[in-house]
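Two complexes, one shared chain (chain A), two partners (chain B, chain C).
== the complex of A and B ==
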């Protein structure tokens, strides 16, 4: 049996990655996904302790975590849609008017990279020969 | 340290910035970090990971989960991030299966990977943008975020190692029992009072020799580690120590120094025997090989004897029915609350997302 400490370490790694994503990304959707990643890390911990102690309360707690995450996802995605309709972008920095008064404004100085031209979709070569069509013929 | 530093560099390097970085170096660093983490898990905790299919599955699933988590937070395309998250969820479900939670694994696949991710993809589709955007190609303070996150991770890992790595206690037990079984005590340990001191009735006892002092310090730190494992009585909420702990404390603080100052060192062997026995006993409580027959521990309010060692504590085989029974007996109120929460969230989501006329 794998000792419980190993599962705890994996849960800690997942939680940390989620935290970094939440702190550093600017797309609202990716930020929300990162929050869900943190929940996954915690869920691993709960289930590992449930196995370790031999009772089911950890698993039940994880079920509740999933239920709450589902609620969260519904409400948050509805919010994102509304925000997107207002500003036509999911960038969280567009809403920095809501920041604390003593926090400096975020200004982007470096220009965005130029758009790389999209690669054309592959075209299939015509395969085989088009059969002769006999328009007159009637299939009954 | 290696996995944390390499992992931090990987994530920082791969986070989106306006300049394009070649992904090759990030990949190399990431492999290094994963290898470091695997090495830490294999050796860092002192107990051996058994070479079974289970460990192969464990390392496979956790490696996949971590790789896809990194891809998720570094991806420039939110749709790909969502798919990577779905794969993280699937790998975690593999871990759940290893932890004997099949119902939870199935529920997570259905709810997370099925429902939630599909909703995400719909929202991404509805809010699609053309061309490069600030949202996807810039990061907020990537250096600070990565440093903070990986500092936290380092703290977690060091804490885990301090709690679960008992190699120092094992070493202390071996040391003490070796000294208890020695035919002749090493004179380096002994600091007998000289005849003149005894005759003059000098009150100051001689100091311990460096070796003896180091031994006492080692025993003391081992006692600090095992102290948490000692059971406490159910009625006594004050921190009364178990009697083994008290014996150990006495032996280390008074018995051992006195014996070391004895000229012939007669008291050393019994003291060391007491210490090694006591440490073994407390370690047995921690491992679950000694069970608490005489003591009871409180488990969420219900006082009941813990009479099964850790390794024999089993989950019921019928997982679904057992989870159902626990849900509807112990957690009934929580279920009602969760249901209400879901209902309110649905109402709220509809109220927020409903297309209203925005006043001009």
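== the complex of A and C ==
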């Protein structure tokens, strides 16, 4: 049987990786994923102790964690979408509006590479309507 | 609906309603230029109601009251005062006796014509509806003063007219001088009002907190005067103080000449005919109290005579036509105070009648004088300095005749109304000089009044000759015209000024017969009746005085123009004293305004010190804030790092320190 310390080590590694990712990355989505990683590290811990103690407390907790994480993902991604629409970028350092008024803005010395202009999405005709055709050209 | 008790209510209620309507008109742009209509109609109806009340009183001498007190349940609760377990209810009660009836007639009748005049005078003026709403509110408050049946309700009206006076003096509030004049009028009269309310409370206290009703306090007056002689005299003096403030008598008269900054119809209505005479009315209403304290009465008479003389002296040299009239108002109200001050039980009937009669005739002739000066001002493009124009009788014929009618009455030229009422005042002063504790003093006051009459005749005709005679001179931009809406009130009030005196009193005795039935006078005189006779030597003497004054003015300003300048050069001290209004404004400035400014400066200094101390304390947290504020930089990852470090630190502490 695998001792509980192994599980704890895996949980700790997951948590640490998530923490490092959260602190070091600036892309909002990546940061969000790192946060999820930390949550999963904690969840592993719960499950491990649940098994170790032989009861279901930890597993119930984990189910809650996963449910909350799912909601969080929904809200956070919606927020990111709005933020992205405002500034056309996912760089978290662009959002400093909540600082004290007389603290100077932190200027990024190595900004993210500019986002390539959006590829125009292919436009499909509405379903059930005959697309317009240049009939002259087609039949000449 | 139309029984007298209801009419008594309608008299103040209608103008109040008119004020509300006018104010509503002011809110709608399309209706603004019709704002005068509700006021005019309500003032007219109010006048009709007042005539109804007076007619009823002529037939039934007993006072009419609203609500009619058949049982105490009918009374209208206004507010109540809790004082040491006793609950004192102040009621809304109106009552009209003969004294009130006469005042109501004067106020509403003259008020109506002045509102009509204003329609022409204020035409196209900025704040048209504001003007009419305030005038109407004024009429309502004035009627409330007259009709109130208890001291507090009277005081409410008293403050109401003060407010309207303030609003109307400062009507052109964008003009600094008007705003200052309004403030001055408000503050100076407030000084008197403080005295009045203290006096009222003192009376209330002496009457064992039983209520503010006139009947109760007047009924207790003899007993109170005996029980608390000093306190009673003090209460009376305080009431005089209120009257002095409102009626612009000696120490507090300085606001009235400045109040001429308001529109001229306002000067006519408020600062000549009605509001300023409220003090006289109050004293007449309280005659029952005042006959108990001859010393206070003497003070009133002395204040009156002194003010009359002083104001007449100042009026001699003023160049501003309206100011001459303003000082003459102060002077004439001085006469009324003199008359009221002569009242003692044996003389109450004649003295109060004289004062109110003079008040009544004065309201007519002073209104017409002011309105004609307003007409002059309207025609002369808002110039009112007599040096700027002259000889206007050709271009403003109706104004000229109206002014002449007013001037003849004011100067006391025989047969015109002012003559009869002034004569009555002189007579009552002379009567007061016979016997009594202060007989000699009253004789001196009589002489002062005669001298004042001479000066009055002189300055009135000085103004008249300088404005309407001589060569035609006009300021630039003047286009003389007299719209009908302005001339009709002039004609009506002019006829009133000429005739009201001779019709009402000297031969018919209608006025005195009517007013002496008033319960106030009946109680005050305690059974003495006025012996109605014409004192021919006095009539001849005062006629002579008036005619001499007229003749001097005629000689100085018409026959030999330039005589006045020569005289002024010969007696420069007198001339400059009069021209600069005896430097009273400057003295007040030095005595009251400067010390107040000084105190304000000191207070400012103290405030600055205290404020700086507080600011010093406030800098400490501010400094700390400056130190740690940079950590709030708005970067998400910085916050996250701080959190992680915090947790790490906490865990480290747990690991290392925990045993």
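Please note the rule applied: the second predicted complex is superposed on the first by the 103 of 140 C-alpha atoms of A that agree within 3 Å, B and C clash if a C-alpha of one lies under 4 Å from a C-alpha of the other, contacts with A are read in each partner's own complex, and residues count from 1 in each chain.
FYI, a contact is a pair of C-beta atoms (placed from the backbone, for glycine too) under 8 Å apart; a residue touches a chain by one contact, two chains touch by 3 or more.
Everything numeric in this text was worked out from a predicted model, so none of it was measured.
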Quiz prompt | Side-by-side fit of chain B and chain C on chain A, or clash | solution = fit
Quiz item: In the superposed arrangement, does A:23 touch chain B (first), chain C (second), both or neither?
Solution: both
Exercise. Could you say whether A:84 touches chain B, chain C, both of them, or neither, answering first, second, both or neither?
Key: first
Quiz item: Is A:3 in contact with chain B, with chain C, with both, or with neither (first, second, both, neither)?
Solution: first
Practice problem: Compare chain B and chain C by how many residues of chain A each one touches, and report the one with more. | Solution: B
Practice problem: Scan A:102 for contacts with chain B and chain C and give back first, second, both or neither. | Solution: second
Quiz item: When the two structures are overlaid on chain A, which partner does A:92 contact: first (chain B), second (chain C), both, or neither?
Solution: both
Practice problem: With both complexes overlaid on chain A, what's the closest CA-to-CA approach of chain B to chain C, in Å? | Solution: 6
Quiz item: Which chain A residues are contacted by chain C in one complex and by chain B in the other?
Solution: 19, 23, 26, 92-93, 106
Quiz prompt | Complex interface listing, chain A residues touching chain C | solution = 19, 22-23, 26, 31, 92-93, 95-100, 102-103, 106
Self-check item: Residues of chain C defined as touching chain A within the complex
Solution: 629-630, 632-637, 640-641, 644
Quiz prompt | chain B partner contacts - residues on chain A that touch it in the complex | solution = 1-10, 12-21, 23-30, 33-34, 36-37, 40, 43-44, 47-48, 50-57, 59-60, 62-64, 66-75, 77-82, 84, 88-93, 106, 108, 110-113, 115
Exercise. Using the touch definition up top, name the residues of chain B that touch chain A in the complex.
Key: 7, 11, 15-16, 18-20, 37, 40-41, 45, 47, 49-50, 54-55, 58, 62, 65-66, 69-70, 72-73, 75, 78, 81-82, 85, 88-89, 92, 95-96, 98-101, 103-104, 107-108, 111-112, 115-116, 119-120, 123-124, 126-127, 129, 131-142, 144-146, 148-150, 152-153, 156-157, 160, 163-164, 299-300, 308, 310-311, 313-316, 322-323, 326-327, 330-331, 334, 338, 341-342, 344-346, 348-350, 352-353
